[in-house]
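Below is one structure; the comments refer to it alone.
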C-alpha cells in the first residue's frame, strides 16, 4: 500500500467526536430551558463554538493537515468578526435617532396590545 | 513559417471556446473586457455630451432625466464590474502568471474556463437588463430607491443585480485559482522560486486574489438580499418595511472598497515590472514594495466607512474609519517613492509602456492625494457626493488601473501576439489620452469644491464653463483611444515579428519564444533574479535582448 | 477672541478660486483645514513630478546595453519616506477630526427647523408652525436642522455653510450652523439670490432639479418673513391683502413648478395645469371603481378631485403619468391651510382662463385668516352643526 | 493524462501536489461560503442587539424540539460522511457506498423536517414582510376580520400609514400594501399548539407534546423582521443542503463505478469538507434561531 496521500482518521476518534457532538447538542438544548438572563446566549455560543471546532479539527482533519489551510480558515473568521463587529458597533450607535415605529409597509392588528 | 504556438496550434473555433490553455483564456478575457470598455465608454460620452449645457444637451425635458440617470448608472456599473475588476487579473494575469512562474498552466484550468464563462453569462445578463429597462439607481444600488419599486426605481434592477451576482463568482474563482497556483505550482528546488525571488507582478496578483476571496462573497450576499428585498419586501434594508438603509451601505461598501484595491493592485504590479525594465535597473526596495501590496490588501478591509461620513454613520465609527483611511494611504506612498528611486541613476528609455507608466505615476499620485481630502472628516463633509469625488475616483481608477492596464497591454503585446507595434503613433495616443484625461477631470475638482452635487442631469449656469472644458477633454480622450486601438490592430496584420525578449526584461516569460508554444516552456526555465538586467545583451539584427550567460542554478546570490 | 489661525482663512484669492463664499462658523474652520491640506498635498505632488522629470531627462537611455549601478535597498531612506507621510496624514486626520466634532455636536440653544425631504422638494417647518419651501435664517442665531425624508434617501447640502447630511426615512439626522453673512437678496424667479441648497444623495428623476435657496436675513426682515409665512394672504410690508390668484401663483412657483407646468409644454413629470379646470381627463388608476371626470361635471366634483389629488396624490392617477407625487400636507389641517388650498385652486382656475371670485376674502372676514380659526365648511365645524357628511367640498 | 498514474492532470508533477492544490482550493471555497453566511449572521446580530424584544416574542413560533432533531440528523450525517472518506482511503468500496447512502438519507430527512416547519409557517402567515399576519392566540378573543381588507384589493400602488415624526407633526403617506390573498376569519391559535385547536380544523399532523409555550405579552413593532431573517438563513442553508445531497449522489454513482482508489479519492474528501461546513453553519444557526429562550 504506497504511502497514503492524506492522513487517515482512526475510527475510534471519529466515534468519540460523534458522541461528543451529540452530548453537546443535548447539553445546549437543556441549557436553554433555564433562565440565566444574559448568559443564555453566551452559553449557547460557547457550546456551538466547541462543537464547531470539534467538527473542524477531526471530521475535516485540520488537526493533521498542512497548517496553511488552518491559517486560511482563521483569516476568514477574523474578517467575519471585523465585518460583524464594526457594522454592529455602528448600528447600536445611531439607534437613538431612528423613529421606533411600526414599519408603514407592514400593517397588521398587533396581538393582545 | 510560424512554429506551432498557442495561437495557431489547435485550429478552429471549438478549440478556442473549449480551450484549457491559460493563454487563450487570457486573450478571450482581453477581447471581452475591451468590448465592455467600449460600451462603458459610449455611455461616458453620452453623459459628457448631456452635460455640455446647463439644461442638458440631449435630455432637455424633465421626463427624460431618467435616461441620463440610466446612462451614468450603466457607465459606472459596466466600467467597474465588467472592465476594471476582471480586466487586469483576467486578461493580463491569466496570460502572464503561469509564464512568470515557469509553470505549464494555472492550478485548475477547467475552473479557469468556467470562471470565464461565468463572466460572459453575467455580462450577457447585465446587457439583457439594459434592454429590458436599464437600471437608474447608480452603480451603488442604495436602498430604498433600489429596493422599493413603488417609490424608487421601476427598472430591471433585480435582473442587473443578479447579473453582477454571477460576475462575483467569476471573480472569486479567478482569485482562488491564482492563490493555489502561486502557492503550489512555483518551481520547486533545485532551481526553485522562493517567495522573495518572485516578480512583483505576482505579489500584487496574490494580494488581489486574497481580496477577491475575502470580499466578493459579501457582495454576493448583499445583492441576494437586495433581490429578496425588492421582490418579497423582506424588510432588512428598506426602512418602509422596518429595515435600515445604512446597514445596506455597510454591506455594500465592505465589498466595494476592497474592490477598488482589487482594481489598483494589479496595475501597481505592472508598474513594478515596467519601470525597472525600462530603467534597466533592479527594483528599489523589493521587500518593501512586495509587503506593501499585502498591506494595502489587508488595511483595505478596515476603511469602508469613509464612503458614509455624512450618510448617517455614527460619529464614533466615522472617526475610526477616518483614522484607518489615513493609514491605508501609506503603503501606496511607499510604492510611489520606490518606483521613483528605481528610476534614479537608471537608463530610462521612453518606449510606450514606460510612457503609460509615467502617466500612471502622475495621475495616480494626484488621485491618491485628492483621496486625503476625502479621508479627513471635516473636509469630506463639504465635498462628499460632489464632483470632487467623481474627479478623485476617476484619477485613481482611470489614471491608475486603466493606465496600468494599457502599459501592461503594450508591454506584453509582443509576447501575446508575436508582433511589434510601431512606437511613435502609440506614444502619440498615450499623450492624447493623458492630455484629454487631465482636461476632463481637473476642472471637476473645482466643480466639486464649489459644491456641485454628482449624478445630476442639469446644473446651475455658474458651473457651465467647467463642464464645457470637461466635455471637450472627453472628446480628446476618445481620439486617443481610437488611435491606440488602431496602432495595436495594425500591428496584428503588418507588425514586425517580435524576438523573445524585445524590452530586455529578466522575468521568466521573456525566456520562451514570443507567441509561446502550447506548453509554455519546452525545458523548465532557469529561475534567476527577476530584476537582474546586467547580463542581457542587445542583439541588433533580432531587435531583442539575449542572456549573455545563464543564471547560476539556484545560487545563494539572492537579493542583497 | 477669534482663533488667530482663522486670520489665514479670510477669503484670499486662492480661496475664491477653490471654494464658494464662506458664510458660517463651520466654514471658517473648514477653510483653514482646506488650505492646510491643499498646501501639503500640492507640496508632495510637486516633489513627485519634479523628481520624475529630472530623472527622465538626466538618466535617459544612451545605448541599449548601458550598464546601471545596482542600488536595491536603503533602509534609512525607506523609513524616512514612510515616517514623514505618516506624520502628515495623522496631522490631516486631526484637523479633520476637530472640525467634525464641532460639526457633529449642535449647541444647546439652537433654533430648531424641521426639514422633510421628499421626492424632489424640501419642506421647512419653522418654530411658529408655518411651512415653506425655502429656508429662512436669522444672521448670527445658531440654527439646528432636524432632517428626515418621506420616501427615498435625500441629501441636504449647503456649500456656502460647508455642511451636509443625508435624509433617511424613519430617522432624524441633524446639522447645525451659525449663519454669519447676509445672503444675496431675492430679485425675481430667474435669479432668486440666497445660497444654494442641493440634494446630494441620488433620489431619482428630479434629483438634479431638487435645489432650493437659503436666505440669511437680519432680525427685522426675518421676523417680517415669519409673519408673512404664518399668513400668506397679507402682504407684510404694505399690510394690504393679496388676491387669491397671486398667492396661489406663489405656491406654484415654490414647489409645484418642479413637476407641473402652466405653459402646456409636453415632457413635464406631472400633468400640465394649462386649461386643466373642467378639461377632459382620463385616469390610468383610480381608487373608486368607474370614476370619470368630464368638462360637464359640477364645480364641486372638480374641486373635490383636485383637493384629493393634492392631499393624497396616489388616489387617482392621470393616464400617462407616474404615481410619484408626494402628498402636500401644507394644504390641510386648519382654516388657513384650507384657504391656501383655495388660493391654489384659484390659480389653477385662472390658468384655465376662467374668471374667479372668492366667497371668503380676507377683507370681508379677516378673523377667518388667522392660523387656528375653524373654517365654517371644515368637516369638524360641519359635524358640530350636525350636518355630518364627509365634507363634500365647498361650493365656490 | 500520463499513463503511469491515472487521474493525474498534465500540469501537475505528482498526485500529492494535485491533492494538496485541490485541498487548498476547497478550503478557499469554504472561506467564501463562511463569508456568504456571515452577511446573514451580521443582519441577525444587528437586529437582535437593537430589537431584542422582537426575537424574544417571535421565538415562540419556532419549535425547539424539531430544531434539535435536525441538529442530531445533521451531526450523524457529518459522522457518516467523515467515515465514508476513511472507507475510501482504505479501499472499502461497499462500506463507502452504504455510508454515502446513509448521508443522503439523513440530508433528505433534514429537508423534510424543514418542509414541515415551513408549511406550518405558511399556514399561520408567519412570513417575512407585508404577508406577516399572525392570528390572535386564545380562540375566545378571535374576533371577525375588521374592515381591514380595503377596497384596493390587489392594487399595485403601495405606501405606508401615518409615521409620527418627533415633533408630533403627522405626515400621511399613502395606504399600505394589502396582502395579496384575503384571510379567513382568525380561528385557532398560532404556532404548533394543537391544545387550542378547535376540532373542525383538520390538522393531519399534530404533535401536542412538542408545542412551545406561547407568550402573552404585547407584540413589539416589526416582528416580521425575525421571520425575514429566519427564512433567509434557513432557506439559504437548505439550498446548500440540497446542493450537498446532489453532490453526494453524484459521488455515489462514481463509487459504484469504482472510480476511486486510495491514490485518488479527492472528490469524496472535498465533498465531505463541503458537507461539514454546511453542518457547521447549522450548528451555529440552531442555537441562534431556536434557543433564544429568555435573554
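The first chain written gets the first letter, and so on, giving A, B, C and D; residue counts start at 1 in each chain.
Everything below uses one rule, namely that contacts are C-beta pairs under 8 Å (C-beta built on N, C-alpha and C of every residue); 3 or more make two chains touch, one makes a residue touch a chain.
Fair warning: this is a prediction, and the values are worked out from it, not measured in the lab.
> Across the interfaces B-D and B-C, which one involves more C-beta pairs in contact?
Between the chain pairs B-D and B-C, B-C carries more contacts.
> Closest chain to the protein's overall Cα mean, using per-chain Cα means, please.
Measuring from the global C-alpha mean, the nearest chain centre belongs to B.
> Taking the mean of the C-alpha atoms as each chain's centre, how many Å separate subunit B from subunit C?
The mean C-alpha positions of subunit B and subunit C differ by 38 Å.
> If you average the CA atoms of subunit A and of subunit D, how far apart do the two points sit, in angstrom?
Using C-alpha averages as centres, the distance is 15 Å.
> Using mean C-alpha positions as chain centres, tell me how far subunit A is from subunit C in Å, no decimals.
A distance of 48 Å separates the two centres.
> Which positions in subunit D are in touch with at least two other chains?
20, 24, 28, 31, 35, 38, 42, 46, 129-130, 157-160, 163, 165-166, 173, 177, 221-222, 224
> Can you pull out the residues of subunit C that are in contact with at least two other chains?
Residues 148, 169-173, 323 of subunit C touch two or more partner chains.
> Residue numbers in subunit A touching 2 or more other chains?
Residues 68, 75-76, 79, 83, 87, 91, 94, 97-99, 101, 103-106.
> Can you list the residues on subunit A that touch subunit C in the complex?
94, 97-99, 101, 103
> In their complex, what parts of subunit D are in touch with subunit A?
15-16, 19-20, 23-24, 27-28, 30-31, 34-35, 38, 41-42, 45-46, 49-50, 64, 68, 71-72, 75-76, 78-79, 81-83, 85-86, 89-90, 129-130, 132-134, 136-137, 141, 146, 148, 158-166, 173, 176-177, 216-219, 221-222, 224, 262-263, 265, 269, 272-273, 276-277, 279-280, 283-284, 286-288, 291, 293-295
> If you look only at subunit B, which of its residues touch subunit C in the complex?
Per the touch definition, subunit B meets subunit C at residues 61-66, 69, 136-138, 142, 144-145, 148, 150-153, 239-240, 245-246, 279-288, 309-312, 315, 318-319, 322-323, 326-327, 329-330, 333-334, 336-338, 340-341, 343-350, 358, 361-362, 365-366, 369-370, 372-373, 375-382, 384-386, 446, 449-460, 504, 531, 533-534, 537-538, 545, 559-560.
> For the complex, which residues does subunit B have touching subunit A?
183, 214, 218, 233, 235, 238-244, 246-247, 250-251, 254, 301-302, 305, 312-317, 320
> For subunit C, which residues are in contact with subunit A within the complex?
Within the complex, subunit C contacts subunit A at residues 148, 170-174.
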